[in-house]
Amino acid sequence: MTVIKYSQAIRDAIAEEMRIDQNVFVMGQDVETMGGVFGCTKGILEEFGHDRIRNTPISEAVIIGAGVGGALTGTRMLVEMQYVDFILHAMDQTINQAAKVRYMTGGKATVPLIIRAQQGSGRGNGAQHSQNLEALFCHMPGLKVVMPSTPYDAKGLLKTAVRDNNPVLFFEHKVLYNTKGEVPDTDYTIPFGKADIKRSGKDVTVIATSWMVLKALEAAEILEKQGIDAEIIDPRTLVPLDKETIINSVKKTGRAVIVHEAHEVCGIGAEIAFIIMELAIDWLDAPIKRVTSAQAPIPYSSKLEKLTIPSVDRIIDAVKEVMYIK
Amino acid sequence: MTVIKYSQAIRDAIAEEMRIDQNVFVMGQDVETMGGVFGCTKGILEEFGHDRIRNTPISEAVIIGAGVGGALTGTRMLVEMQYVDFILHAMDQTINQAAKVRYMTGGKATVPLIIRAQQGSGRGNGAQHSQNLEALFCHMPGLKVVMPSTPYDAKGLLKTAVRDNNPVLFFEHKVLYNTKGEVPDTDYTIPFGKADIKRSGKDVTVIATSWMVLKALEAAEILEKQGIDAEIIDPRTLVPLDKETIINSVKKTGRAVIVHEAHEVCGIGAEIAFIIMELAIDWLDAPIKRVTSAQAPIPYSSKLEKLTIPSVDRIIDAVKEVMYIK
Amino acid sequence: MADNNSLLRIYEQMLRIRLFEQKAQELYVQGLVTGSMHIYTGQEAIAATAGELLRETDTITSTHRGHGHCIAKGGKTDKMMAELLGRKTGYCGGKGGSMHMADFTRGNLGANGMVGGGLAISVGAGITNAIIKKNDSVTVCFFGEGATNEGVFHESLNLAAIWKLPVIFLCENNLYQVFTSVAESMPVKDVSIRAISYGIPGITCDGNDVLELYDVLDSAIERARNGQGPTLIEAKTYRWEGHYTGDGYARGGYRSIEEIDLWKAKDPIARMAKYIIESAIADNELLEKIEAGLKDEIEKAVHFAMESPWPDDEDLYKDVFYEKEEV
Amino acid sequence: MADNNSLLRIYEQMLRIRLFEQKAQELYVQGLVTGSMHIYTGQEAIAATAGELLRETDTITSTHRGHGHCIAKGGKTDKMMAELLGRKTGYCGGKGGSMHMADFTRGNLGANGMVGGGLAISVGAGITNAIIKKNDSVTVCFFGEGATNEGVFHESLNLAAIWKLPVIFLCENNLYQVFTSVAESMPVKDVSIRAISYGIPGITCDGNDVLELYDVLDSAIERARNGQGPTLIEAKTYRWEGHYTGDGYARGGYRSIEEIDLWKAKDPIARMAKYIIESAIADNELLEKIEAGLKDEIEKAVHFAMESPWPDDEDLYKDVFYEKEEV
């Protein structure tokens, strides 16, 4: 085990998979030069050369569209959207093409396409550079959706993503790039569809994604001091979703809070709540709560941005509400 | 009152609003010629001329993007996406620009942009021409979302949309264009955020959208013969959503089924279920059910397409389930 | 220069496409085909000539008007018919239909319901061939002139040009996009001029003339195989039928009957037949034999399709994902 | 030809922009500005000259590197500073920040965080002016050369050309897009050549030379006002600073120090000052007075911003929708 940054975990996963499989090709805006804007491709050009990693023009549609074409013809296309917000230029390629081509061809097409994108608020980037768009992709069948919260998860899940034969959306959080954590020194992968219980507890189940996992863990520490024992579940992949781990936890605690940074309406919180209601309603001791960003674009002003992002305090409040503690 | 087709109701709304307001401008692919592919702009060119309605090239991004620019400068931009599936080419313009510009400018910008789009399955058009994408737009703040199920609603809501000062997504269903219904002969509008109880009943609340309203009504007729009295609620606009009418109905019936044609995961069904759970859990006598298309792209083969679209039978089954009737 | 065998094969493919399309229209009118179907009749020379020049290992990307492309790349008419009828034996198991006809065994990466949908995909195929596999395979990307107004046209040609990818961008300019004319949608006369933006060759040619098409395509394909990068070819042509089957405005509505007649007089198949006879490449008898054989094939294809089973109920849920994970 | 008063005003605006940017950088380094901020230094001639030629009723669309555009269109530096600091008194009430600076009172339809985000918007403004209001207002659409690789560039110029809309597409080619050079991202030397695809004039000019810019912009604006349609102008220039404030690779990383020095020698402001003095349009004293006045203005702007209140908590939920429905 070595302690490394989340951004380095991503970099290492890319390098290791590129060593294993000559068919992995990386492209995106500025990925080749200076290790990319977030340092996630540092050293890749030097080790693998210009035929394995390339800068592209600012052309999101062809980045993802050529990703589909490369994948269809046997290349493992590992493409980068600098900010997930830019993928909105390439939704035809992502949703009409990548997600559907296997189905539309009756299983004849195989699409090993990985789209890495940085997302989230927390750095004062304003409405067009702070979005969390995972719900859009969860809604559309044919795409896997991954949201790692730790360096360990980031590396293991990215390696799985590169070996998967399906289009995978791999969402990295801008605030997490500089967080550190232990990562094994030897090859490992983390299966999709396996949630991680980041903290076990018996009183309440908190399901959180990406950066929100860290906030939920912080909240749990404080709650512990107040005698409340929260279980924190990180689904890690939203498609496929590990319903079992969530349901088992809720059956144990009888209470659930879902925390995500994306907007509330039609978000993953509503979906998980529905699943809990369907499969564990008889175990529920209180209505499920969700803690999300406001149903408004992300404001620039740091004061307002802080208000919209789910805070430790808001998580604590929600937990207390479902426990009927004032 | 006159009985007219849904497509004609749309056409009449456009013509009437263009007569009232010289600043309404229509553009889209093939809208000028032959009344458009679905006949919704028949006669508009003849009456208003080439400076009020124009064919565009096949360029979805600039259709919606210029829609934003025209709206920002005082034109009421009424743009058409032939099939909603094509809007995936213009998600930057729709979500990053149209939806956010008012907020990002602190309320300085005003965006009277109406995007009409035909959506839905039922005609064997396959995966790229049969989608229902409303959940994507409901998730992103800043967009109003309208889904009329009858000629009356279509006309009244479209007239409201054209007078609204916000970006409005107006989704017409391909299967509904030829359906007929009564429409007033004089000017009328239908406010956004006001659900319509298409059938009142006391045993179970069925919330359905667009084409599914017709299916739900069919189901209700059959259920009535079996002694089950279903209330059918058509929200008509999903943003804003009339929670009150839904909650009042559920408090009365104690049971809810949500029917939509869009995919299940993170769909509007999950959202409405969450709202019911939040506001009326104590009135619920059974877990809420949803009836949706399969979490798979829409298949071409008519046999499979029929299987995926929520059917009258599946609605009946769901109603019976929430009523614990075998 | 095309040799005689090539010309005969091209002739046969053109005719196969024409007869297939006629039959497909019949089936549509009978209600056996659903959705939108876009007929290729009138444009056959383009697909057939490209198909003749491509190897089996080369790839194509196709369009909503894609039956001709599929046949030209070696697609089987029986599996195509079955697909149109939504049967399990179709190329896509009935899940794709007319607009998603694909044949990966022959390098047809698929038709596309989205105008311009194949453009970026062809660039990706170019990456695989030129950068990853480093072979000399090429990709022909078919699209209509309408697709050249999509942003992705611009992005695709730009990237292919910078990376000198082996892609032949083959624009079939049939003068209309649904009901809209080229004049309304494009401020330039020739699509090929747009090549200048990418520093690549741009050529306009007669899309109804096999001999001209053959030479233009041949050299573009050679260029691509030799690592010299993409070419934009514009083949001027005309669709005889409506935009989609059922389009009631194509004759005398948005297109004049004179215009249609003018173009019908330029029928690429009749023209090729005449050339074949006049150049003594074959006699009438042989051409009739070819036609008879094709008619028989198409009838059998329909029979095959009609007798084929529907997809199973469970197929609805299959193929959303590749299932065996390789972790 | 620009008259002396124009040149002096342009000079003053260039200097105002430069001083604003210097101060903005200081505030960023102090942690008072968040997110990404893109500094315009080195490119001032372009915005300032365009601003001089536009009427108050004309509009512009701007970019992520938009402070200069906002000032040039008459934007107030105090409201801009307040916006950078996220305060309620800023142009967008603190909700927009650097990348969304807009001033509807002066026709600035807004900066944009999306590369190419203003392109289609400018086309829409053109529709309003030429088709709906039928006035002679024009729109200047600013964008970087990187934006010309976006699909929406193509779609926007195409539509503006077909409809002869009064839009001046003004590309500031500063040779880089973040860390990527023009040579890597574009297969042609000059952006202006891309005008050919739309049948409109395309002109490359020195973006650091006010006199040349003035003439080129003047005639393009006249053309647009007269209903002759859009022009694509490419102004070659250079950004002195990193792509964003904090970019540690801009000097000696992806750009050589020699290259930077070469371009600094072409400083548009020093050049203009020299011309003004040599042509006796003004003396050194006047220029110094202008500079002193501007420094004072910027200090006051900072003071205004720092003293301004933060947005109210409720502002988070406001302005999502226009509230008064007009039904």
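Per-chain numbering from 1; labels A, B, C and D assigned in written order.
By definition in this document, a contact is a pair of C-beta atoms (placed from the backbone, for glycine too) under 8 Å apart; a residue touches a chain by one contact, two chains touch by 3 or more.
Remember, predicted model here, so these are calculated numbers, not experimental data.
Visitor: Tell me which has more C-beta contacts between its two chains, A-D or A-C.
Guide: The greater number of contacts lies at A-C.
Visitor: Measuring between Cα centroids, which chain is at the maximum distance from chain A?
Guide: Centroid comparison gives C as the farthest chain from chain A.
Visitor: So, what's the distance in Å between the C-alpha centres of chain D and chain C?
Guide: For chain C versus chain D, the centre distance works out to 45 Å.
Visitor: In whole angstrom, what separates the CA-based centres of chain A and chain D?
Guide: 36
Visitor: Between chain A and chain C, what is the separation of their C-alpha centroids in Å?
Guide: 40
Visitor: CA centre of chain A versus CA centre of chain B: separation in Å?
Guide: 30
Visitor: Got the chain C residues that touch at least 2 other chains?
Guide: Residues 92, 94-96, 100, 112-114, 117, 149-152, 155, 158, 162, 184-186, 315, 319-320 of chain C touch two or more partner chains.
Visitor: Among all residues of chain A, which ones touch two or more of the remaining chains?
Guide: Where chain A meets two or more other chains at a single residue, that happens at 56-57, 59, 61, 85-86, 89, 92, 96, 103-104, 126-128, 141-142, 294-297, 299-300.
Visitor: Name, in rising order, each residue of chain B that touches chain A in their complex.
Guide: Touch list, chain B to chain A: 61, 85-86, 88-89, 91-92, 94-96, 99-100, 103-104, 126-128, 135-136, 138-142, 239, 262-263, 265-271, 273-274, 277-278, 281, 287-288, 290, 294-297, 299-300.
Visitor: What part of chain D is in contact with chain A in the complex they form?
Guide: Answer in residue numbers: 34-36, 86-87, 92, 94-97, 99-100, 112-117, 146-147, 149-152, 177-180, 184-186, 249, 253-254, 310-311, 313, 315-317, 320.
Visitor: What does chain C use to touch chain D in their complex?
Guide: Chain C residues touching chain D: 149-155, 158, 161-162, 184-188, 193-194, 196-200.
Visitor: Any idea which chain B residues touch chain D in the complex?
Guide: Residues 22-23, 25, 27, 51, 54, 56-57, 59, 61-62, 64-75, 77, 92-93, 96-97, 101-111, 141-142, 144, 160, 163-166, 189, 191-192 of chain B touch chain D in their complex.
Visitor: Taking the touch rule as given, give the residues of chain C at its contact with chain A in the complex, in rising order.
Guide: Residues 59, 61, 90-96, 100, 102, 104, 109-110, 112-114, 117, 119-129, 131-133, 151-152, 155-156, 158-159, 162-163, 315, 318-322, 324-327.
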